[in-house]
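One chain, subunit A, appears in both complexes that follow, with subunit B as partner in the first and subunit C in the second.
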Partner chain A sequence: MPRPTATLSPLLRADGSASYTCPSTGCLIMGSVNGPIELPGRRDAQKPEEATLDVLVKPGTAQAGVGEKYVEGILKGLLGRLLLGRETGFPRRGIVMTLVVSGGENGGKVRRGESYLPILPALLHTLLLALLSAAIPMSMTYTATAVAVTSTGEIKGDPSVRDAASAVSFHVLAFSSKGHLLLSQSEGSFDLDLWEQVYEHAYATCRGSQPVTADGDISMIEDASGYNLESFVRKTVEDQIHHDYSWMNNDA
Partner chain B sequence: MGSPAAGTATASQQPSSGSNNHYPTPSSLPPSQIARLQPHAFLLAHLSPPASSNQPPVRANGRSPAEFRVTSANAGSLTHTNGSAVVRIGDKAAVCGVRAELLYTQDVASWGVSKSSSSSSSISGGATQGEEAGEGEDEEDDSQIRDLHLLVPNLSLSTGCAPGFIPGAPPSALAQSLSHQILSLLHTSRMVRADDLRIWYHPPNLSALERETESHERMDTGEEEEEEEGEEGSESGTSEIKAFWVLYIDVLIISLAGNPFDAAWAAVLAALRDTKLPRAWWNVDNDMVLCSDDASEAKKLHLRGMPIASSYCVFEADPAASWRPVVIPGAAKEEKDVQGKKRSQQSWVLADPDGYEENLCQERICVVVDQDRGGKTKVLRIEKNGGLSVGKEELRKLVNISIGRWNHLKSIIEALR
Partner chain C sequence: MASPSILLPGDDVLLDLRSTTSTPLKVGAGLRLLHESATSTPPSYTVTAIHAGLLSTDNKRNAISVLSFANHRYIATINDLVIAQIHHSSLDYLHCIVTPHTPYALLGQLAFEGATKKTRPVLKPGDLVYARVLSVGVGAGTEVELVCVNPATGKAEPGGLGPLVGGMVFDVSVGFAARLMRASSTSAPGDTDVIILDELGKKLEHKGGFEVAVGRNGKVWIDCSSNKDIAVQATIAIGRCLTETDTCNLDPIEQRKLVSRTLRAARIDP
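So, the complex of A and B:
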């Protein structure tokens, strides 16, 4: 299974940024986060008690359309719960997150009426890494994955665009680092028993099969391949920190 | 905001007397004022009545947590449309009109390239027309609806439906994403059959006609029947699609009180069920499609199934749980298990939230279910976002509630004709 690749802080002027390539859909997503910043001239967006979240999704070579507005709403809903927008310095200010989708089919443009779900996990991961890079306080991290169910009832992780087009049902699930189901977007025709199988599959992809230990700590015992999406996120951030602090390390 | 608050004035007497200690001077402020000043505490007091009173939790609007608002529907209200419907759910009202317009295949740039499958689909098309609304044709190819954009829904909130939406303003993000949701649900539920939208041209089989006329000359009996037969027999092979019906589905939310998607989708569904397309045929002499004036010849759409959307939101007792640095839910759950059920309930799932409740809730769930004739439940869409409270088990409960709602709404919509 091809694995995603990510770079933290590729942009110098933004507070935080990340780029992410999704192997299954082939799209490259660049994300930048600025915050907390003043939102001049936006009295409507200044909330007295918490930060305003602004998510912008832009296809690389086209205008943002109705589908982008929809996916922005999904991202905003998810992050509204995770970002600690009431910390000191955040109320009345804004966190502006921009995602640019390039590569993939149609240059990252999802055409009218087509589903945005196939690239939603990639958008979520880019956003998470960019937020971590910008050091925005969050209550927990998350990982997301897409699952397609074929007409023969086979459950297929990391579906390609073609798999997604021919799938009977398509699911995107996101789990928090504590194991909650944060997001579930499913479309197509299915029943709940199938959905639970999809849930188990997605949970294993995102978090490995290990349970959370009693003290709430996650023991990173990994399965045979030793790989899950959560360890991927951790590894990416660890590598970046190691790189940033290499001047301090004598052993380098 | 005025009407839910007015509705609560009577319902809130009991709980507010039980939570006197929260409000130092309860008598000086009417409940409608408290609802505005302390919305969260107000709803919480309703949902968690004191244990001594033995009351079930009731919402500020007087409904129980799993209760939907009163729903009514009306079809065929707009005379200039092919199909229309008005759906009211409580204070919400959505009007939907469906207009059919023609898309000529000669105007589709990619038609000559992409129609490679037309001969095979013409055969299946003929077969399904004969079957007449059988359930067995699920394998039929509906990709043309998606590729040629034969369904164009649009939802407008700029009607002054709620104080936040200014009439004449550009479509808000909410209106845009609702339009997208309706379109993608129309596609994924495959409710409209592509075959209903196709306008075929069956060229007369001239050689067969010649043969027939010869035979007519010989026999000179039963002319009309045989001619018809001859036309039908000539269908195979050279038939081609000359045009498509494009359905423009416009939804106007006249009055918005939370949860617009349920009402909008129910209106779309009722309007599509009401839609009648006139009989249309290709006229070779004029090189255009002609439609019949005769209303009795118009045909209804054969929709697949009847998906019904029901939305929920989750109200949490602790408004700070979302921003407290040490996140409670994971740890709190285990604590709760240890302490037993001593702790009071932390979150409530509210069905069909109104605007007041929607402002207080972050977590949203939308479930679209359908049942086939055998009573087997299909889930067509689950959207859950914005919170931690609803997991696997809770979703299963919500799907069961949605099935109850499906039965109720089905009876309302089926009674329309």
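So, the complex of A and C:
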């Protein structure tokens, strides 16, 4: 299984930033987070008790359109449950998150009418890492994965854009670090039994261990080293912390 | 501790919270206290991280906090020392910029040492002040108020509060500003990891020295005007040393090397 790569805080002037390469679709996503800031000329968007979230998704070489607005809505809905927008300094301010998609097939452009779901997990991971880098208070972290079901009924993790186009049904699931299902977006035709299988596959990819199923059988999808997406996020953060705090005496 | 513990948001802090000492546990930045169950007696608590970062424990003060990535935005906290820039002036207040793209902080026209209605410092837009955060307001989204004087005594305490005249401001990360502050507050030498200012002070002492003010909002003000010949070079050299220490996470040995290299390049200390 090809693994994603990520860099934390590549941008110096932003409060927090991250870049992320998705191995299956090949897209490179750069995310930056600024907050808490005053949204200029947006008195109407201010919420008196909590922070306003503003997510912007930009395709590499085109203007943002309806597809981007739709995916921004999905991201905003998910983050609204995780960000602690009532901490000191955050009410009545805004958190502005910008994601730029580049690289991959079609030069990072999701063409008009095409689905954003194949790169949604990559967008979610970039956003999470950028938020961590900006030290925005969050109640927990999350991981996300895409699953395609082929015409033969095979469940395929980490589908490429081509797999997604030929799939009978396509699913994106996100799990919090405590195991809650945070997001389930599906396309195509499927029944509930199939969705259960997809859920188990996605859970194993994101969190490693399987949820206990009714019939008690557990199939191992994680590879021998115990790698899963949650450990990837943790490893990325730990590496950056070790780098940033390299000046600190080890005995301190 | 053997290995530094790195936390992600949502991770519980595994510490024995029923401390044996009499000082109560202080929960600092990046952590929050959650009730495990309100009904049980005695009520049980967990401490959960809300930032990603390194858990730092201070046994003497019985305090814990999470050290996050250095580059994040400064959020005003009471008693922090900041460097603010005047944006405009109104009848009672000076409106100051503490961080970009945030509402102005308020600084009273008379909140200076020895200021009265007749004698008060006249500050123009763009001037700098070294100020203390007096209050961040009660409730949601209230204004940050700054002072340049201790309201109880009428003196500029701690020393150096007030307008900053001359000199130059350098932007550093919020984490590095906190490190500089910590380095200056610990008295014992060799106890800190930022020795760059001490080292620069030693090298520039016979050239007239320099003045420095560190703001928690990621700003460092430097003034070398005591020696007219090298004022500009020295200011730039000190600023370069600070920004490079910040961006490259230099340890004390590398900081010493950087100081001599930069001063040589600026032709101050052959």
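Going forward, the second predicted complex is superposed on the first by the 234 of 252 C-alpha atoms of A that agree within 3 Å, B and C clash if a C-alpha of one lies under 4 Å from a C-alpha of the other, contacts with A are read in each partner's own complex, and residues count from 1 in each chain.
Heads up, the rule we're going with is that contacts are C-beta pairs under 8 Å (C-beta built on N, C-alpha and C of every residue); 3 or more make two chains touch, one makes a residue touch a chain.
Quantities reported herein were computed from a predicted structural model and do not represent experimental measurements.
In the superposition on chain A, contact of A:L53 is made with neither subunit B nor subunit C. In the superposition on chain A, no contact is made by A:A202 with either subunit B or subunit C.
Judged by the touch definition given at the top, the superposed model places A:I74 against subunit B, while subunit C stays out of reach.
In the superposition on chain A, A:V66 makes contact with subunit B only, while subunit C stays out of contact range. Looking at the shared chain after the overlay, A:K178 reaches both subunit B and subunit C. In the superposed model, A:A18 makes contact with neither subunit B nor subunit C.
Once chain A of one complex is fitted onto chain A of the other, the partner contacts of A:E187 are limited to subunit B, with no touch recorded for subunit C.
Shared-chain residue A:G85: touches subunit B; no touch with subunit C. Of the two partner chains placed by superposition, only subunit C is touched by A:L132; subunit B is not. Comparing the two interfaces of subunit A, the one with subunit B and the one with subunit C have residues 50, 84, 86-87, 137, 139-140, 176, 178 in common. Partner subunit B is touched in their complex by these residues of subunit A: 50, 66-67, 69-70, 72-74, 77-78, 80-81, 84-87, 112-115, 137, 139-140, 176, 178-192, 195-196, 199, 212, 214, 216. Only residues 146, 149, 151, 173-174, 176-177, 179-181, 183-185, 187-189, 322-325, 327, 329-331, 334, 362-364, 376-388, 390-392, 395-396, 399 of subunit B touch subunit A when the two sit together in their complex. For subunit A in complex with subunit C, the residues that touch the partner chain are 8-9, 12, 14-16, 34-38, 40, 46, 48-50, 84, 86-89, 91-93, 132-135, 137-141, 176-178, 233-234, 237-238, 240-241, 243-249, 252.
Of all residues in subunit C, those touching subunit A in their complex are 4, 6, 8-11, 30, 48, 50-54, 67-73, 75-77, 100-103, 136, 140-141, 175, 193-194, 247, 249-252.
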